[in-house]
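Take a look at these structures.
Next come two complexes, and both contain chain A; in the first it sits with chain B, in the second with chain C.
The block that comes next holds the complex of A and B.
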């Protein structure tokens, strides 16, 4: 429901205009890219396993979507705003909450609560560094991530504690042909869309990203909004870490590593501006699907790990170039 | 001038305090051998920090330097050692690649953070292709150079000083360096004055690539082998080093000497814990804590400066 084109736009009344309006959306490219990668894989397999590929794509994309939403709000705040602590927060939350639950089914709810509290703590610490010590966000989240990572290493001690059975069951199964994780991520994306596009807070975030000074002068509670954004990003990282550990049978120390790149990539490939002030939620889903389908396409073509990495990099850069060219000509 | 001095004072002080604490805990570290051991691995980190500094100087950020250094290390441990001519050609091409990325970022108005993230896949992939499993060997001359034992002062002290001075001369005293700072400070003014911004930015990236190559070579010379993930942590360490050394993300405000000191401080922070007999679990955390402490101290200093 949240994904349909913006019908409140008066231009989008009739159907040809609707098409034009949809094509003009910055996020359409990420879906096209995802579709291309999907088709390229299907060409090779002759259409075999299309459904299972989609199912896997939805599952794995959900993790990128959840951290991507948090990162998107942070990036929207304007130049210099990036949350580099997402991987460390995920790892710390997963380690602590799984350790607490100790595979006991009865402790799932308190375990989830602990995940949220740890996430809240990380977010508040990040923002305290940014606001009180006036450390640039990149370096603040970077240095705090060093601390979180150390905490995780110290509390983990190389043990791999299994998630409680019902939780593992929940995170690996689905309803109505959709993985549960994708439903959670869809729900969160829907919420994020409402917050960004329909709530005052979202407008404030965009206003800060477009011009901090102007936003301040027009009475936007800048500090409060930035606080919410950084804490929100940490909370989303917490939920993602919790679910990822449940999904993959336990926490491990570099489980978050790939999400530093992923969280930023899905935001930018999804058509949000890295300079802030101009973001969209649907693109995150498109980009997350694209990133997974791209890797599985390269996999299915039987390429070695090195070639796969090189091609992934080249394609990411190409997508960014294509997207930017479109922006300039518009 | 006074400001410049203030900028460098804090990094110097933080390194001095940390070093003093290490000497207090373990007086035997205060020797030729001890110092060499403490700062040995700081040489490649300092070089990577110089590379990052060149990029930050023109208001960009490089998230691929860690994988680039790994790639260079892999090339050094294989091609440079076996077929030197081809090896050096590859390293030169890599520097040209860096310059091309810098030009591309400017011409198309791309976000450096994303392009370099993408490039980190490319360098990482190339490194895996060259060296799928850890191995290789340094060219003999490199091993000799990195294990050199000059009289009185160990190489681990001389090398960072040389790096800092050369970078300082280039950035602060050469006309090219001043122009590059200008790109970070006021690009439009330079453009109006008739300079080609593309060329300047490509130069900054090429110099960064050059330092990245040196870092990879130094690393292989020290560790005697390479693997595709050998320097992944350098990306974050290099950013931290520049900032710790008094650099800023915008405006071309950086200090080469400060950045080298920042790199030394971070390296020392990691080994400091073993002197406290604390668990190595906290190594990374100690680096984070040092960063936060120094930046907090900087805030105090700048507040007092503003009040005075």
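The block that comes next holds the complex of A and C.
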């Protein structure tokens, strides 16, 4: 059942071939891994609770998907590009917007606008550090995240303010058996797919990731594209932070902590190239589902924390190796 | 920000101390707080308690300064450097919430050698020259099972929510829970790590629930009860008895459930104000009192009938707290002798 010999040898940049390449891209492996983790859990529970596990997986994967999309575009820009300020941006946005709303249902829309504005500000600040001060993105986003985190601490001293009731209701419920959050994440993933695969901006992002100099010489507005990518990542982090705080009953100072690695992990496990220039959107969903189901599976089997972490590491490395083997052979 | 404001507070305090009449042997002594982390509501409350009690002590002339310093990265090397700075600045006592029980021992030793009183609390240090205000975390675990034994004499299934893997506190509380559970009719059918955060706990519980049988009660470590409740509420399971950790949102949820269906549980954690106990213990040592090296603080517990009062006294979004006075410190010191 392994890989079929691949004869098409797609060339990046020409669109029909890219479509073929997309279908053959290694994102299938993340779905396969997610399915295996799901089945393994179901074997243990005797098939009971399948639907609720799936529902929970869709709900919690949504957060990873939303930050993962932003991170994917950043990583696509090529080596050295990564947004480490995602956790701090989420925390700052959630703290400020929930404080502003103060649990008032009437203030949800302005609260969401504030979230977007703060996210926009974070993204612009990140890019200003990168472009104007010529600080490498890793250092720039890491240092700006100290600033955002401190602002979050200073603005509300870690107090947890409840989200307005309708907003909490929206983020914890669903329609047609699907969680609302998953619908939002699906919509965003759909948009990201169109941008990456169908819009000229997506081509530009890939071109920059493959060869910055060549992209520049061929007339790609490099700075404008990088600006959009970093701001987009911050905006997605803002939306995620806003929704996560609404979902879990308030903003926490450490609420974003695990999304630092998670946002990068879902991109890599999803089969996008960590070196940039070659990305895919569907893999992010597969990887996000896999990350949730993997932890659930190991928890369900009642393994100790040490074993659980070691296994998580081994399994992730395996998936990445299998996925990248497939990519090289393609 | 914190540093500037504490500095300002300290300057204000110094000026006031100069005006106020001298009232203690320690009125010219300066105490510093070396804190490794400020990124959650418990630590924020801890710092707030420190500055409240510290500023008052400075104003009344009990000490000359009570400055708080927090490292930005929660790393032992950084905290060791911070302690070395405090030695150079000539503080008379350093109160420490340590990033590691062993990694800053070298810096602590240096401080002791320079004649500085070192008192560690919450995150304690093992260096013998320092005082330790320890919390019996194992007992915290056992207490939860003791409570549940009273509630459910026939036992039942337990879900355990642990803290951050690899941290001493997590191992201790969990060991206490498992010890006590082994002697009871309860069975721990599932165990997840919630990292002491509501959203992580919520996700971990939501992930393991589908494979679990009926759950009678959830044992926790503090800060994760509300997340567990949310995860249960999202399913069609009946709500188990969730042991809470004194966070305001947990207490508020409990009060809500109590009003709606008579929900009963208990809540226990360490009061963030333990920093003020450490402050007064340091002051007492500076005052020449004989103090045992190992002291222990009681848990702050909220029972069913105390819920409304506790909830009222806790600021929204914060954590239930008590601040200790000099008399409390003297009582703790005497109890240990």
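Everything below uses one rule, namely that the second predicted complex is superposed on the first by the 303 of 330 C-alpha atoms of A that agree within 3 Å, B and C clash if a C-alpha of one lies under 4 Å from a C-alpha of the other, contacts with A are read in each partner's own complex, and residues count from 1 in each chain.
Note that in this section a residue touches a chain if its C-beta (ideal position, glycine included) is under 8 Å from a C-beta of that chain, and two chains touch if they have at least 3 such contacts.
None of these values were measured; they are calculated from a predicted model.
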Practice task
Following the overlay on chain A, give me a clash-or-fit verdict for chain B and chain C.
Solution key: clash
Practice task
Would you sort A:135 into first (chain B), second (chain C), both or neither based on which partner it touches?
Solution key: first
Exercise for the section: Have a look at where A:150 lands relative to chain B and chain C in the superposition and call it first, second, both or neither. Expected result: both
Exercise for the section: State whether A:191 touches chain B only (first), chain C only (second), both chains, or neither. Expected result: neither
Problem - Which superposed partner A:317 touches (first chain B, second chain C, both, neither) - result: first
Problem - Touched partner set for A:305, first chain B, second chain C, both or neither - result: both
Practice task
Could you say whether A:265 touches chain B, chain C, both of them, or neither, answering first, second, both or neither?
Solution key: first
Exercise for the section: Could you look at A:222 and tell me whether it touches chain B, chain C, both or neither (first, second, both, neither)? Expected result: neither
Exercise for the section: Tell me which partner A:161 touches in the superposition: chain B (first), chain C (second), both or neither. Expected result: second
Practice task
Tell me which partner A:253 touches in the superposition: chain B (first), chain C (second), both or neither.
Solution key: second
Problem - Touching both chain B and chain C, residues of chain A - result: 146, 149-150, 153-154, 305-306, 308-309
Handout entry: Touch list for chain A against partner chain C, complex
Key = 41, 44-45, 48-50, 52-53, 56-57, 59-60, 146, 149-150, 153-154, 156-162, 172, 244, 247-250, 252-255, 257-258, 292-293, 295-296, 299-300, 302, 305-306, 308-309
Completion exercise
Touching chain A in the complex, chain B uses residues 61, 63, 104, 108-111, 113-115, 117-130, 132, 236, 239-240, 243, 248-250, 279, 281-289, 291-292, 295-296, 299
Practice task
Within their complex, state which residues of chain A touch chain B.
Solution key: 80, 82, 84, 129, 133-136, 138-139, 142-147, 149-151, 153-154, 261, 264-265, 268, 274-275, 304-314, 316-317, 320-321, 324-325, 328
Exercise for the section: Write out the stretch or stretches of chain C touching chain A in their complex. Expected result: 1-2, 38-45, 48, 72, 162, 165-166, 190-193, 195, 197-200, 202-204, 206-212, 226-227, 230, 234-235, 247-249, 315-318
